[in-house]
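Worksheet: the structure to be examined is printed underneath.
By letter and in written order, the chains are A, B, C, D, E, F, G and H; residue numbering begins at 1 in each of them.
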């Protein structure tokens, strides 16, 4: 059984017409087409009405700015559970991008947002739940000072994937540096705002576990 | 079954006397004591002769600058296979630090060094072997331009952990940036020269798989 | 025989009226006028209608944002073949700027786009063709991680000219650094997004070969 | 009543002879002479034997690299209690420099070291004690990722003074950035390794409280 | 008696509808709701008309872009006097944000603006007045070269809180660096433009003094 | 006819024993072995005496820190003329490394040193000579402000290869930036101090010309 | 006789109404009011019509974005000659700001634009003229690579004031670095785009000479 | 009358033998030879004993690390008065290098050291004296925060030349940035630690005044 990462279309720099065309084409080829950073979800939906898509379901996440076409009847094989934490409310779009990516790869996602250092008392309960639910890794999204992934890593024994974000004011490289210099072993990171990359990486870990069974 | 990362002692900034004392103390408590970045392996060996260590085996890797005390009879549980690649010969010490860390956590390590972009034809065979041997993740160590992890990630479907190194001349932050900006999903990184962090992260992935069986 | 670089007009910071005037003036003096980074191709075309240009042909590349006036009957002397590769689709405008520049200097250009590290299997065929066609150098355009020029350099024996681009998200200086720190000898670079500079440099190499015959 | 910061002599760039002379001269003028960053404590002690110092007590802190001469009988007025926390053992010299500075200004210092994010369970007890002892502010010293001051600030209601340190490997500016971008209000910082500045600032707060009584 | 920092709502990234809702909710819970970085004061005022707020007073500072709802009859306890200085006229919004924050915590604020290094003769009189009025600390806001906090610190014996600002042209990190490298002890800083953080920190100092009486 | 870049051994990080062994081994295989950045030329010479090298000639350049073994009777095919300029006397070692590399590839080198901007009147004569001698490209080595390559490029019609150097005091990245931002088309650069890379690139240009005859 | 720099009003961040009011007020007090970085010259002119300004002349430079009110009959004392050079056409606005500033201080200005390194043959004639006309200093404005000030300094014996500009693409700090690292003594610089600062500094030199007569 | 800058020999990177030879040669040609950054003054003196120098006087400044040979009877023409200020004692070597350079060009120098922001009350008297003595410009040397030049510029009407220094700990680029961003017009700067450049620039101003008489 081979479980890779579905080819994702990076919507940011594409016009809606091209984007729609690429999606339909991929969906027909692979059963699934998955676009991220879609700048105008509504416009894309409208554009897709020009195509004959009655054999496809739409899966849209406005916060994550993701958009998927999935062949009716196509079943995404379940590969394992992961956790996703976000420090502040502005980190949520990146966290949701990670969630959508992991789910389209077959993961079950347990999530908890707004649990950053400034309100650290809110962290412990959802974290405990994730461990009890036996997640195989945790994605931790944080901007500003970016200290949450390091704290989480020191509290749990599963691999933690840090995602620095560019939210808030100040020097954008700060949370990257904080996470790279973490003293708690068990943390690896992806680039700033790269929820897709984090979700894909987590999906691969889950997939490894699934394959080895 | 609980499989975390063994407490590691960072030798870089400690004098030999203190280092030896901490190691003996930890070894007695945990069966295993593991020190990294030991500045003078021979001096440490000599200093340890002052202690009664007949119940312990030494495990020393001069290239990695690691040093472990392991209680005789203590068995490290096997938790899974990982791969380690290094781009240039100067990246080997960091790769070996990762290897020692992963092995002490119970991993079996398949390694191949000097397979960087400049001699890319040497890469394909060992990479194929790793996949056939079913490694659950691959650590890729590279300095200078740091492009190897990205290439490897585009060729395989297991999670890749990039380790930028500070070898060679030039701007030390280069391989960090290259790896963070990789276009191939499936790559996460640790800090520059952090072989220990990469080994520990890989060990946790292997451990997750092992636990889920 | 003297073959230099045609004086190019940098359109970015010029208003259309001035730009048109300078172009007509240069075209009359030199037979050729070549503008890059034209912000509004249509506006320029319209503005030029005010001039009597029946003795001139227009050569327009919308993707490259270049615009040339060429005296009817003026023949650009052919000076040699070069190759141009682009890593991602967003690198194409810079690659096309290089192409236009090289062609206006008399080069024949063989090009192949979307052959970056993330889809590296698409690289080998077009690269082989370039070598068989005996190009005298290859321009390689890449953004994000910027690793493609280094890989190409390790595979071929012609001089490679790297062009870092500012496409995508993240730290814009990354591909400059990656290319400067390449371990494969045979690579030199121009500034970020400087397709014109790369095309001119490649044109000079081709011109040298042409002159020495 | 006027309570400022005692003039401190920066020992780092002074030779021992000059340093000794300046200290004796200041001690005679002000009853107290306080030197920081003394490079060779023993050499300074020896050099001071050449002077007639029977009316002075020495106050030496080898870890902090501070050295004070205090007139016998001179009483430093007590001005209030402060707390000092250090994340790792390598942060201790900076923490001790802060402690010496605050004490020479009349503060009582409650300290607790090695309570960083990687071993965060060790933090809560000493922090609780500081609050119960009614400290008027807390100095938090941390290197590497520098996340501890932010966490402490989110847990207490007294002003927190962050001191980034340059210990460990990696990008030295990281803990400065982490602390500046903290989301927890109630934190201000001094420059990297500036234990003296933090101690002096804390001393001024304590002194304000003392004066207003 | 417990005096912390009132929960502040960061308005920058919130839409007016959500902002209004959060404010009303907080105001009812805590008697006070305090929003900073409100992008459109008028729109917020209008939106709030939809709610029944007859038991609340509005407190609006257009320059500071702050907006507070305060329960009628609720009395903010007075906790002490602080000073605020601003170097240039463009630093005033940040200074006013600090002022509003400190006042809502119960501080009395003495302020003086446009007293920077370029017109340094205007500094001495207001500074003298602050000292005579017995402020417990001084906030100094400055952009561009950012040298004012350092000068003020060398002239007074109260703690000084520097706030670098991003006003003017040039390298935005300059005033942060200038303030961190000040040679005058008694200065600590918050992040660029963080008037809220400075006001909160000053409020905590005042609160400490108030509590110890 | 195939003319690539001879495999070069990077001596900087190798001990003399290993270096000697690799050289002898390569020399026997390829007729030529070429080492750069040799830290101790004399020690290497001495170490090589242990081998039977009577069939080899030594080619040593102390300034360039290069060392070559060339089989007696082996003839390096002549491939073309290049020019090398150095701005200051401290740039000479890098210029000489470029020269050695180009010569071992078969180039004839015309060189002129100490002709930088500060003594710009010394530049014109040697530059004129290079053009008259029909060099196919010019390597220009410069540190500090790094402005010479740009000036040379504006004066000649052959491709110019800029080599920034790390000589002198100040910000080491300056000449890289200056060269990348040159307004004169016809310039490409290699990394700081990379004389080897520049020589190899120039050699490839010469080789292209040679092959096309 | 005392000749300082006239108080300049920085127009960038002021609204037109405030700007007009400040100008009228200053003009009445000092005979001269001088505003730089005026964002909308026409709007300012219109706004000033609301005031009774029949005793004042307007002096407007649209390129420089400067605007002055000068009392009729007020004579600006002549203080000496200076030169101004600009490398590219995009540097002209900054050069003109310098010119206006110097002229309002009483300087006679000899100027020559578009004489940068890429067209260096155009430099020598105007430079010679400046020297023959006995200018007391030369302002040299340059962006991109910023190499012109260094070249000019190596050719003349009067003080040269470099002004880096932010024109063109690329790393904005480049011309600052190039100028600071110049090897030609006799060069000092002001901040990026600071034509006002350069003009004022040149005016002070001219004024010194004038005063010493 | 022509008064340029005497050719200076940069001693830092030269061995004593070469340095001595160049100095003797220059001294014989120009009557004066002037070396800066001499690493070993005594060794140079000793080496020079090998030459016949009875017609020359030595002028040595150990603090400045400058060394001059001056033909007996050669008279340096007096060209004017300048002022030099240094903020801290560690800035003195740079200030002295400026002084030696200015004096060898014929300036009379009035100097005052240790008058930085942290002890700002010491500044006013020597500054007043310089103005009364009619200096034609003032060099201000400062490290750390680098705020002194800006303050001095706001207090006087002569041109000020700022020299950032690398003394103290912290981010070395800080005083460069502070000085470039000064709000006080009348300040220009040279590179970090470039006392020679500042002295030469001041000498040129003095020389201009002298020539215009």
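As a working rule, a residue touches a chain if its C-beta (ideal position, glycine included) is under 8 Å from a C-beta of that chain, and two chains touch if they have at least 3 such contacts.
Model, not experiment: these values are computed from the prediction.
S.K.: Using direct touches as single steps, what is the fewest number of steps from subunit D over to subunit H?
M.R.: Shortest path length, in steps: 1.
S.K.: What's the rotation angle, in degrees and to the nearest 5, for a C-alpha fit of subunit B onto subunit G?
M.R.: C-alpha superposition angle, subunit B on subunit G: 180 degrees.
S.K.: Relative to subunit A, which chain has the most distant C-alpha mean position?
M.R.: Chain centre farthest from subunit A's centre: H.
S.K.: Distance between subunit C and subunit F based on Cα centroids, please, to the nearest Å.
M.R.: The answer is 28 Å.
S.K.: Centroid from C-alpha atoms only, then distance subunit A to subunit H, rounded to Å. What do you get?
M.R.: Chain centroid spacing, subunit A to subunit H, equals 60 Å.
S.K.: How many Å are there between the centre of subunit F and the centre of subunit H, using C-alpha atoms for each centre?
M.R.: 38
S.K.: Can you list the subunit H residues in contact with two or more other chains?
M.R.: Subunit H, residues with two or more chain partners: 170-171, 173, 180-181, 191-192.
S.K.: If we use the touch criterion from the header, which chain pairs count as touching?
M.R.: Result for touching pairs of chains: A-B, A-C, A-D, A-E, B-C, B-D, B-F, C-F, C-G, D-E, D-H, E-G, E-H, F-G, F-H, G-H.
S.K.: Quick check: in the complex, which residue numbers of subunit H touch subunit D?
M.R.: 90, 167, 169-171
S.K.: Please give the residue numbers of subunit C that touch subunit G in the complex, ascending.
M.R.: Answer in residue numbers: 12-13, 173, 191-193.
S.K.: Please give the residue numbers of subunit D that touch subunit A in the complex, ascending.
M.R.: Residues 87-88, 116-120, 144-147, 150-151, 154-155, 168, 170-171, 173-175, 177-184 of subunit D touch subunit A in their complex.
S.K.: For the complex, give me every residue of subunit A touching subunit B.
M.R.: 2-5, 8, 80, 134, 136-137, 157-159, 161, 176, 180-181, 185-192, 196-198, 200-201, 204-205, 207-209, 212-213
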